[in-house]
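Both complexes below contain chain A, partnered by chain B and then by chain C.
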Partner chain A sequence: MPVPKMSNLRNSIDRPLLFAGLFIIAILVVGTVYTLIFEGNAALLSPTYLILQLKVASFLGIVAAGMMIVVLLGHIDLSVPWTMTASAMLAAAVGGPFAIPIGLGVGLAIGLFNGIGVAYLRVPSMIFTLGVNVMLRGFMVMLTGGFSPSSVPTDAMLWLAKGEIIGIPNPVIVWALISLAVAFMLRRMPLGRYIYAIGNREAAVYLSGVNTRLVVVASFALCSTLAAFAGILLAGYSSKAFQAMGDPYLLPSIAAVVIGGTNILGGAGRYAGTVVGTILIVLLQSVLSVMQMPEAGRQIIYGVVIVIMLLAYGRGQRLRV
Partner chain B sequence: MEVLDTGPAAPLLEMRGIGKSYGGVAALDEVDFSAHASSIHAVLGENGAGKSTLIKIISGAIAPDRGTMSFDGRPITVADPQAANAVGIVTVFQELSVIPDLSVADNISITRPPKRLGLIDRRAQRRRAEELLARVGCEDVNPRARVGDLPLSRRQMVEIAKALGRDPKLLILDEATSALTAADVERVYTILHRLRDDGLALLYISHRMHEIEELADTISVFRNGRHISTFAKGTQSDDQIVQMMIGRDVSNVYPPKPVRTEPPPVELEVSRLGWTDRLSDISFTLGKGEIVGLGGLDGQGQREVLLALFGVLRNVSGTVRVFDHKGVPRSPVVATRPDHAMALIPEDRKTEGLMLPMSISDNISLTSLKWLSRGFVIDGTAEKNAVDGMIEKLRIKIGNPDDAVATLSGGNQQKVVIAKWLLTGPRILLLNDPTRGIDVGTKEEIYRLLRELADAGTSIILYSTDYDELIGCCDRVLILYGGRIVQTLEGDAITETNIVASSFNLPVESEAAAEPVRPQ
Partner chain C sequence: MSNFRLWISHNTGALIAVVLFLVLYIFYSSLHPRGFTTDLLVQNSNEALALIFVSIAQTLVVILGGIDLSVGSLMTLVNAVASEVVIGTGPEIVLGIVICLAIGLAGGLMNGVIIVYGRLQPIVVTLATGAIFTGLALLVRPTPGGEVDGDLSWVATNALSELPATYGWWDSDPGWFNLVSGIPMPIVILLLVILLVWIPYRNSELGRGGYAIGSNEAAAYMSGVRINRSKLAAYTLSGMFAGLAGLYFAIQTGSGNADPIQAGTYTLNSIAAVVIGGTSLFGGSGGAIGTIFGVMVLRSITFCFRVVDTDSAVGFLANPLLQPMFEGLILVIAVTLGAARAFSVKNRLNMFR
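And then the complex of A and B:
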């Protein structure tokens, strides 16, 4: 690999990586101290526990990978929850060998629709994707008549989500492969370069003869397809595709991207940060529940952590110049 | 520097050693300047001479890097426009500051409305507006009228009335008459003379020489950020004043122009180009290896011509032929395709030319990633070689190609913009005021580069706000006025006099003059 070109941004991005990494260690230390005192073991450091956490993190991680692409552009995709739900439910409803392709196709179609709305109709992405999310919810309620249909995932979906290869859960392998692909795209492909460039200054990229609309559409399509994939995996993991199954993934996916050091206004951020951000969020939630923190307390701590991490990064530096 | 004392009294405003730089370029350099009460003082100079910077410093819009100011015998620092107003310095800027949706009376009292019981006293506000409008001879304007409904010239008078409402001792008018009709200008003169007789000091910035003749008592000339001279009206001829403004030998900054025996093959043919009400009936041709200039006052449609040709504007009428292709390019994507091979150096490099936080290398290669890639993957080695080649060719002074482009000086940033386009090998190069805000040395390099490119067969359209550049660089100059081409100057007819005259849509004095003609 040649020297990464975003070196000028490295100072501002390495800090989030470092912070998030240290925070992950802090969470494990605090959790282990707790379990040592109250349960007399160090369960949080066992490979079983850590691999389970990675498995749980893989669903969020795949959603966050897609979300990061869109955030790098300076946009956001709020339709992720029902993209996951719709893809998973339709995949399960169709069943058979085409379940997974159909699910991914639904995600791709939603992404293209989002992209066209944002790039060609010039609707702000926050509004457009919020609308699409509500529309999708309506569609799914209409299709299912308000009941959860008997939507059992196919064997392939179950295998992808629950199987394992030499002790590594399949979702973790899928997440790793997707991560490699996204990181490669962002760093080595023209599309990736255009995504960063548009996030910094769309006008300059447009005037450079780049088809910026196409880049935006492609990014939204990737984001939604990845969300759909996560939804399909999640259906397999839960052995069921059900209404609102994607709802708990919206805010954590954005938080993972931002905690990982990606500028919420676009243009800067490393993919590794998103992976670390994802692990941080999943571990934090898990350790808090191990410590039997009541739900209200967990949410407060979760929110406080996000705010503190962002303050620690020095938000002002990387605003659009 | 010769300074002529214009009155026995001590000056109202006195500035000593004022300096202001932008990114290493001195906008004002060691300027001493003073203005007296009961006098109309005109400030003259070319674009970029430092007039606007001077005005902005006096009015508190920007802070000087060096120097001291005193007003009414007391040293002052004007941190912001409010502080300037407080001591009695009021400025009427070229761009109107009136709010179109408010009434005349509201606008006039916008900063200090008369109050009763803590609320705005509308009756008192109207009375005040009537008084002030009377002072500027605009009794016919209804204080209740919405400003947006008034004609432009009346709005300008409201602006002046608003300024008078702040009780100025020093009133600065920056190109305040550029929007006025001849009859209104007369009226403004009368008012300004009356204000002078009331004891005000007036600073007057204008590009119109004859206005200054009629109006000013004292004239100061600025050039390249320096105060060249101050003298009483009538002591210097127009010729001498123009010489002071131009001041340097223009010829050796620019590379020589080639002598053509026959017209070059036409690469770009524009006929009857129009766009909304900003462009109409634009027709011209661009030959291979020619540099064609677009001139005229700012904002007469030059920018739009370039944007239209580059496919940025929607609903452009007329026809364009680029090489063998007929039709206006639909988008920059089309304009930059190899069969059009166009490039546009945009007006504002910071917002249209560069992604400032990204690296120099990323910025340069952005236009060329298609051919720097194998399949869907960027070829790192090819990219590095291409970028390094451009940095060397344009002699861009950088530490490391991976540094953010924001760390470079203005001149080097502009070179990065040029580099990213030269990397595409353009056959038609459009430049929108490419030397704005960059240092003289880099300017000269750019002039040489343009001529080298033209000699190598690139066809160039250059819009510049600097007349010298048009004279020094261009084989032909098209002067735009109100969105039309009003004059085409060629060869020796490209003189400052002719450019200025046709910029105001006046007949040129000598269209094919053998030697440059200075205004009489």
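And then the complex of A and C:
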């Protein structure tokens, strides 16, 4: 029967993936036309440029992977910027072989704190993580105000962020491994299925005998640990851990998740979408700066693109009773 | 339950904020070296008014059960515009103010139209429109600067007595005026806005519709509430309040600054103030009056840090390196107490929402 086949085909193509993929191609085409006209080359299509973009995207991608986990729950983590900063700064301050474990530990601790506030105290995640972000900022001011600890990343951090294996930058490899792990967790592990289920209706999951609070805590811990890892990588990439280094990552990470088709209210979304959303945002920012668009124009286009992508496939149901 | 007890139970959050504010402010002004004076009140109310307007803008949207991450950016945009247009002759200044408020209204309407007719979630829409407003603000004012009419700045940031003294609209001598001449102008502006905008809105069909939508949108729809109209009105009015904040901020600082970080700070503080002021983030309750006290609690905490004696037992609070940490800690504690459902829900199943 041809009819079910057609509908199967239609269902198998994920609209967010399709739209975001087409948009990425559109960005590359527009950028290439620009460079062909004004610079006489197609620099945007060179492997060097594309691999560099993937490398830049890997930091955002890792943050977005963690953000997606909590967004799937129907929560949000606004403490990501200073989780990144605090982890990176503390890792650099400790130095030595324990730098990276310490940084990740800091992220884990922040995540557990967030998770306990959201899952056990039942504070709305938006407001709790917001407060934690402010608190972390104050904490770092306190720690680094009187004296200046080392902000130089260790050799291991530098290698992770700047090294490469057979021509592929290490951050891209790290991002790929994390992506595989997160995708596997969301698809195949009970934890992943609980996360989707809680995003749909937590009360039902609770009544099915799942310890939903533990799932929420674990998700926030994962999110913060991933953010901490991104912060450590970023410190290695920029050869310095500095105040507010995570601030430019909050809104793009949320944007990457929702552009990738994840429902901001939780319960639905594919991990592949988040990867494509990340690449879209990084590429858009990069091509706009290649075109020498001033910051003002970049912000406006960035906002308009998010709205258009959402209007294309993120619309809710009409209220009918 | 009697009406009074019902009223108390409906406004517990706001009443706690009022008490908290009074305690903090009395503590602050008694420790202040010059004590409680008109000058102190003028200075403090100046520091609070812009955040109050932004937070009222946030409140209007939170009542619907939404959230607006663009209020700070819209305020910044209007702030940038105001530093260009609120100057010149009298009519020019009035026109400039009208332009500023119109931009605020338009920004809010844009949010509303995208959210209502696009059927999108407010959090992501305002995330995106926030970027657009920031971009526009940077277009208008790439570098900090600009100028706002000096007389207007002076009058709007001082006691009421400066109004007749500067513009000579009436003789400032007669007895009746002495009673009110010490009231800071920001408080007068706030009272006027509350009386002329918030209270009429709150009691209108549109405003009540907003509360109904926040309580239960499907039930509101079935009861004949005009959902789209109420939502559009709330977002548009919210934009106007963000505009008022930007306008006052320009008048207060005498300049404009398209600073995205400052925009973010205002947005985040507005959410905190809304929660401390007793408005539920789930919508359907609370209001602007509670939010005003929420802002004043937030601001009083900052004020208190300024006057702590460095030699006393709590002298470490005065350490400027520790202040951001304690402000954050207090913010977390305040919002946790204000918003934690674990303490208020009896049936565990009701916690999942």
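The working rule: the second predicted complex is superposed on the first by the 297 of 321 C-alpha atoms of A that agree within 3 Å, B and C clash if a C-alpha of one lies under 4 Å from a C-alpha of the other, contacts with A are read in each partner's own complex, and residues count from 1 in each chain.
Assume contacts are C-beta pairs under 8 Å (C-beta built on N, C-alpha and C of every residue); 3 or more make two chains touch, one makes a residue touch a chain.
Keep in mind that this is a model prediction, so the values were computed, not measured.
Chemist: Output check: A:A203 vs chain B and chain C. Expected answer is one of first, second, both, neither. What do you get?
Modeler: Once the two structures are laid over each other on A, A:A203 reaches both partners.
Chemist: In the superposed arrangement, does A:G138 touch chain B (first), chain C (second), both or neither?
Modeler: So A:G138 only meets chain C here.
Chemist: After the superposition on A, what does A:A296 contact: first (chain B), second (chain C), both or neither?
Modeler: second
Chemist: For A:D247, is the partner it touches chain B (first), chain C (second), both, or none of the two (neither)?
Modeler: Touch status of A:D247: second partner only.
Chemist: For A:I37, decide between first (touching chain B), second (touching chain C), both and neither.
Modeler: Neither partner.
Chemist: Thinking of the overlay built on chain A, is A:P190 touched by chain B (first), by chain C (second), by both, or by neither?
Modeler: first
Chemist: Applying the document's definition of touch, where does A:Y120 land relative to chain B and chain C: first, second, both, or neither?
Modeler: second
Chemist: Does chain B (first) or chain C (second) touch A:A268, or do both, or does neither?
Modeler: After superposing on A, A:A268 lies in contact with chain B but is clear of chain C.
Chemist: Between chain B and chain C, which makes contact with more of the residues in chain A?
Modeler: So, of the two partners, C touches more residues of chain A.
Chemist: Just to be sure I follow: which residues of chain A are touched by chain B in one complex and then by chain C in the other one?
Modeler: In chain A, residues 201, 203, 206-207, 318, 321 are touched by chain B and also by chain C.
Chemist: Along chain A, where are the residues that touch chain C in the complex?
Modeler: Contacts found on chain A: 76, 78, 117, 120-124, 126-128, 130-139, 141-142, 145-146, 201-203, 206-207, 212, 247, 251, 254-255, 258, 264-265, 294-304, 306-307, 310-311, 314-319, 321.
Chemist: Flag every residue of chain B that touches chain A in the complex, lowest number first.
Modeler: Per the stated touch rule, the residues are 310, 312, 331-333, 335-337, 344, 346, 350-359, 361-362, 365-367, 369-370, 373, 376-378, 380-381, 384, 402-404, 406-407, 420, 424.
Chemist: What does chain A use to touch chain B in their complex?
Modeler: So the residues of chain A in touch with chain B come to 1-3, 5-9, 188-191, 193-194, 196-197, 200-201, 203-211, 267-268, 318, 321.
Chemist: Name, in rising order, each residue of chain C that touches chain A in their complex.
Modeler: Against chain A, chain C makes touches at 67, 114, 118-121, 123-125, 127-139, 142, 217-218, 221-222, 227, 261, 268, 271-272, 275, 281-282, 320-329, 331-332, 335-336, 339-343, 345, 349, 351-352.
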